[in-house]
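In what follows, a single structure is set out as structure tokens and then discussed.
Order as written gives the chain letters A, B, C and D; numbering starts at 1 within each chain.
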Amino acid sequence: MEHGSHSSEIAYTDSGAAHITPPSTYFKTYVILLVLMVATIAATFRDFGTVGNNAIAMAIATTKATLVVAYFMQVKGSSRLTIMWALIGFVTLPFMWATMVDYLTRDWIPHIGWQ
Amino acid sequence: MSAEAIPPGIVLERESASRPNYLNWSHSVKDWLLTTDHKRIAILYLVSITIMFGLGGIAAMAIRAELTSPHGHLMESDTYNKMFTMHGVVMIFFFLVPSIPATLGNFLLPLMLGARDLAFPRLNLLSWYLFTLGGVIALGAMICGGVDTGWTFYTPYSSIYSNSNVAVTLVGLFIAGFSSIVTGINFIATIHKMRAPGLTWTRLPLFIWAHYATSIIIVLGTPVVAVTLGLVLVERTLHIGIFDPAIGGDPILFQHMFWFYSHPAVYIMILPAMGVINEVLACFCRKRIFGYTFVCGSTLAIAVFGFMVWGHHMFVTGQSLYTGMIFSALSFIVAVPSAIKVFNWTATIYKGEVWFSAPMIYCLGFIGLFTIGGLTGLYCSSLSVDVHINMTYFVVAHFHYVMVGGATLGYLAGLHFWWPKMTGRMYPEGWAKVAAGLAFVGFNLTFFPQFILGYLGMPRRYHYYPAEFQIWHVLSTAGSSVLALGYAIPLVYFLWSLKYGEKAGPNPWGAAGLEWTVASPPTQFNFDELPVVTWEAYNYDVPHENAIVDHSKNVLPDAEGASHSAH
Amino acid sequence: MNNFPLVPDQASTFAKQVDDIFLALTSLTVFFTVLVFTLILVLAIRYRRGSNVNRANPSDHNVLVEIAWTTPPLILGLIMFVWNVKPYAEAFNPPANAEEIFVIGKRWMWHLQHSANGIRENNELHVPMGRPFKLTIISQDVIHGFYVPDFRMKRDAMPGQYNTVWFQATKPGKHHLFCSEYCGTNHSEMGGWVYVMTPEDYNNWVKSGGTTADKASTPEQAGYDLFTQLACGNCHKDKDSMRAPSLHNLFGRHRSLQNGQTAIADDTYIRKAIRNPEETLLQGYNATMPSYKDSLDEQQIHDLIMYIKSLGNGSAVSLQKATEAATKPAGGANPSAAPASQPVGSATPAVPAVSAGQPAAAPGTAGGSATGTVGGKF
Amino acid sequence: MSVEAAHDAHGHHPVQYHQFEDMEQQNETYIVGMWSFLVTEIMFFGGLFLAYSIFRMNNQAIFTEAGHRYLEVDKGAFNTVVLLTSSLSMAMCVYYAQKADRVKQLLCLGFTLLCSFVFLGVKAMEWSKEFAEHHLPGANFAYVSDAHLSTAKAQIFFCLYFAMTGLHAIHVIVGILLMVVLGVLIAARRPGVKYYMPVEMFGLYWHFVDIVWIFLFPLFYLIPGKR
């Protein structure tokens, strides 16, 4: 809605799509990505428990993905429209993980009483 | 209509007959098959979809004929199973999902937005080719040999046990899925970026809103079913076992992934029909849709909540009790936006100026049948009632009320409404009313008995059934022949009207909306000069100040079939 | 049954509850449908074009009105939801005294076995009224659905997973049994009848050995025979040994597994332990046990589970049942005392008859199954 | 033909299509279209990631063993570096396209292409090792577990491994084809690609391929920990 009112008055002049990112940003991002990759490998050699290790690995992967989306894919500084569409898939995906609830709670039935 | 009443930027094309339009600027087959014009692609889709609807309908009639007797003698069990599979697959993947978006949506989106074409015309053509290719492959497999899994392709039956052409059909559906994805992407980009200056989100026709929500569902849901069916395909050909319990796989996971798309898919089918209803209702009530914002909001709410209710298909599969409860509660909530729509439509009629044209009759039929379809959906989201009615004819009746009574009637309403715009010809109004009446009566006669059958416990997909159910099946079959007649008549008179129909002016209904400001049929690039919109959608309440058309000339006096063309 | 049925029999304790909710929903549906239809018709006719009515000040939005007609459906919906939860949840939770019936779905027949008396039936189920029965359902091939409309009861038979549901019949008579989940060619013929009997009739029926009872053995006995035949006892002795843990008092006990998890030794656990023993390997043992995944069918696995159950319950030790099971007579050879066993005037004509005494070892061939993939061979 | 006609009539930018008003609108539309396409890709992989999560949750032990014992972290890490580097060079390619530096643009694209071949080469080595060890799901599947875990679930692991890395590889191959086409068009100074937008859109695709691998690598090779 917000976007609509914005774009309609200034017809087709949403700025942002054509901005040029300086190469230094790309290189910095690249270095951080490499560091994070080393970190995620290093983390697997420490024992934080199954859940802990999994959480760390996924947290680092998510961070890396965010960096790629924000800098390599130039979403940071883009129009709100681009940001919205960049996020919508990642936001919807967790809906599907509601399926996990099914698997996690299947064994609960015998342990509680309804009568 | 005086010249100064025309909003700036709009050129009314009164001399439509003299200028070449999108239909007649060229006649070569190549220009049709390689066209990137959204209007021609819409026509291509219309032809394909009509063929598909015919095939699905023939399968449906075969099923109904077979079920008149409890020991059906017309066909073998396997043949029967292949018939209902074909009916389901064709109707859902090749008729209902693409019906309104790919024909009416394709045709009208740029016209309503004030654009020359969709954002990606070549992708649009690709979408039709993918649809056709997928359709040919799937239909080929279903006709030569057949498929007997039901349209749901439940594993492990589809992945291991079925001896029919499942793999080839899945390839066809996989391809057709991409056709729908491409259409979705195209619509999203178009709606976001191709709106005419001044056409803000709050000024958009609700038809556009419905297609926006639909496209979002398509883009988010279809890939999931594509990958799921792809896994079944791989499993069937390579015998790996993600869904096969014999080697550690999980058939319930298939159902989760399948319904994650296939439940939202019913909203892919019904939302565009609701969009059509908004346009038709506003036009024939000469009134803005009541509660525009709420109807918009409910459209988006349906799209969002639609992704959170898939588990109500699985209350008896061994899904956990708690999951069932969550999905049931959310399913009750998703009923609310639908209720909002129905109430707002009803309120729109209040103080309107109701014109009982054929599209309006289809439209009123839609509201009524959708009300029943929606309310019976509550039975299916009720945990303990659903345990009884799940997989019975009750569910069959419920979704046919939504899909046939809703989506298909909406499609027909839209087709009649925009037929003059698409072809430049009027259909015969009297016959159209007869057809609408037949469809309504036939539909109820066909599917209402199935509610009773379902509650009695008649399971779906049954070839033989206990004799005590026969009376209801006979009624249903009788109704289906009336319904078939109701569908056949439009086919005849639409074809007839192409040659003999009365010429339609740019705006035979006196409707608001940018699509009615151009010639019927429109020229190749729709607008000579792109419009600038300064008014709200459905500005029927100010007919003599800044309306786009002159209502007084378009008003149809009384009897059907009388002169429409004012221009 | 008359020729114009509208509502199925209410033949279980659930039926009334479901029908009540159904009635409430139907009232709501009728109310809203009539409301909408009436409003549409009245308004459309009143405001038809050309009619001379007051159309002044038409409103096109009103937030209060929107809220007013959004809230009641929402509240009604949530009430219906809550009302539904109890019967649904109850169906997941059988009463403690429920007698177990083991159900195997396979294309295209139902195979049922009473745990209390070992009577086996095909496509028929005899139960007394007034007593709860727990169904443990599994499928040998594709997904089936165990559906008795008169009981308002349905549960899918999934391959590789036990689903349970329970019921208590309330009305003597003959009730349809359907397969509700599409399973292939003869899906519509996969079904039969549930006979609800008075307790006396049922006792007589049991005494006579049931309609199609397999007179050879109770499931415990069959399980014991299998146990001997497969020489399980070579490793699983009365007491824990170096090679394998004892199976006595196993059922219901907490087990610490090699992979660090703990599990309760229930049906599913034991089934897994037989089919994929390495998955349930106990701490302190080597994986010497072979998998019986391909050599035992669901019936045989169930028999073994019943035998292991009869060896005592780990949570509340009771060896009585085991003794009883071992000494119980093998059942009389008197099938003639059974009530009408053929469906009369039904539409389930082509169910292949499975002979009464057919050994459980060859079910893959029974019922004209085209698959035969899981046939039990030793 | 119609498109050209419209261009002439309107006197527009040479690569502007008739349905757009100006290049800015066209570019933004492309970006929105591309992103909504990437959303479908996210959901496409999402289905597989869901299946993976559920099987992993229920079979943590065997998944850990299979991943740690048979997948080589060094190869996976190497491929991660390769893909990250290719992503960087692709970003630079877009940069030079924006700067209209054709030679550097081609060099960057060439380097990206090289990286993608290296990635596929390493992947092929890994896969052939799995083939040789009978880890391809199907009739010949064989798996030996150290901890005597169920081999059936191991098959599921490899099933998901091949499905997900295979689908990813298909995306890489499609990327290679697109890169070749793009490169040829750029080298030929075709007006369609002279403007930077096609390169930018391909860049988005390529970064997405990178993101998928960013998740695949820890999921299959690393978690939950080597202990």
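We take it that a contact is a pair of C-beta atoms (placed from the backbone, for glycine too) under 8 Å apart; a residue touches a chain by one contact, two chains touch by 3 or more.
Nothing here was measured: the structure is a model prediction, and the numbers come from that model.
Q: What chain sits nearest the middle when you go by CA atom centres?
A: Centroid comparison flags B as closest.
Q: Report which interface contains more C-beta contacts, comparing A-B against A-D.
A: Answer to which pair has more contacts is A-D.
Q: So how far apart, in whole Å, are subunit A and subunit B when each is placed at the average of its C-alpha atoms?
A: Roughly 34 Å separates the two chain centres.
Q: Mind checking the centre-to-centre distance between subunit A and subunit C? Centres are C-alpha means, answer in whole Å.
A: 43
Q: Go ahead and note the Å separation of the Cα centroids belonging to subunit A and subunit D.
A: The separation of the two C-alpha centroids amounts to 17 Å.
Q: Go ahead and note the Å separation of the Cα centroids belonging to subunit B and subunit C.
A: 38
Q: Where in subunit B do residues touch two or more of the other chains?
A: Each of 188, 192-193, 220, 224, 252-253, 256-257, 260, 318, 321 in subunit B touches at least two other chains.
Q: What positions in subunit D touch 2 or more of the other chains?
A: Expected reply: 21, 25, 28, 32, 36, 39-41, 43, 46-47, 50, 54, 60, 150, 152-153.
Q: Which residue numbers or ranges of subunit A touch two or more of the other chains?
A: 11-12, 81, 85, 88-89, 92, 96, 99, 103-104, 109
Q: Give the list of subunit B residues in touch with subunit A in this complex.
A: 188, 192-193, 195, 197-202, 216, 220, 224, 252-253, 256-257, 260, 307-308, 311, 318-323, 326
Q: If you look only at subunit C, which of its residues touch subunit B in the complex?
A: Of all residues in subunit C, those touching subunit B are 1-8, 14, 17-18, 21-22, 25, 28-29, 32-33, 36-37, 39-40, 43-45, 47-50, 54-62, 65-66, 69-70, 73-74, 77-78, 80-81, 84-89, 91-92, 107, 141-143, 145, 147, 149-150, 152-156, 158-161, 163, 176, 178-189, 345-349, 371, 373-374.
Q: Mind listing the subunit A positions that touch subunit B in their complex?
A: It comes out as residues 1, 3-5, 7-9, 11-12, 81, 85, 88-89, 92, 95-96, 98-99, 101-106, 108-109.
Q: Within their complex, state which residues of subunit B touch subunit D.
A: Subunit B residues touching subunit D: 36-37, 110, 115-121, 181, 184-186, 188-190, 192-194, 219-224, 226-228, 231, 234, 238-242, 247-250, 253, 256-257, 260, 524-525, 530.
Q: Considering the complex alone, what residue numbers of subunit D touch subunit A?
A: Touching subunit A: residues 21-22, 24-25, 27-28, 31-32, 35-36, 38-43, 46-47, 49-50, 53-54, 57-58, 60, 73, 77, 80-81, 84-85, 87-88, 90-92, 95, 98-99, 203-204, 207-208, 210-211, 214-215, 217-219, 222-227 of subunit D.
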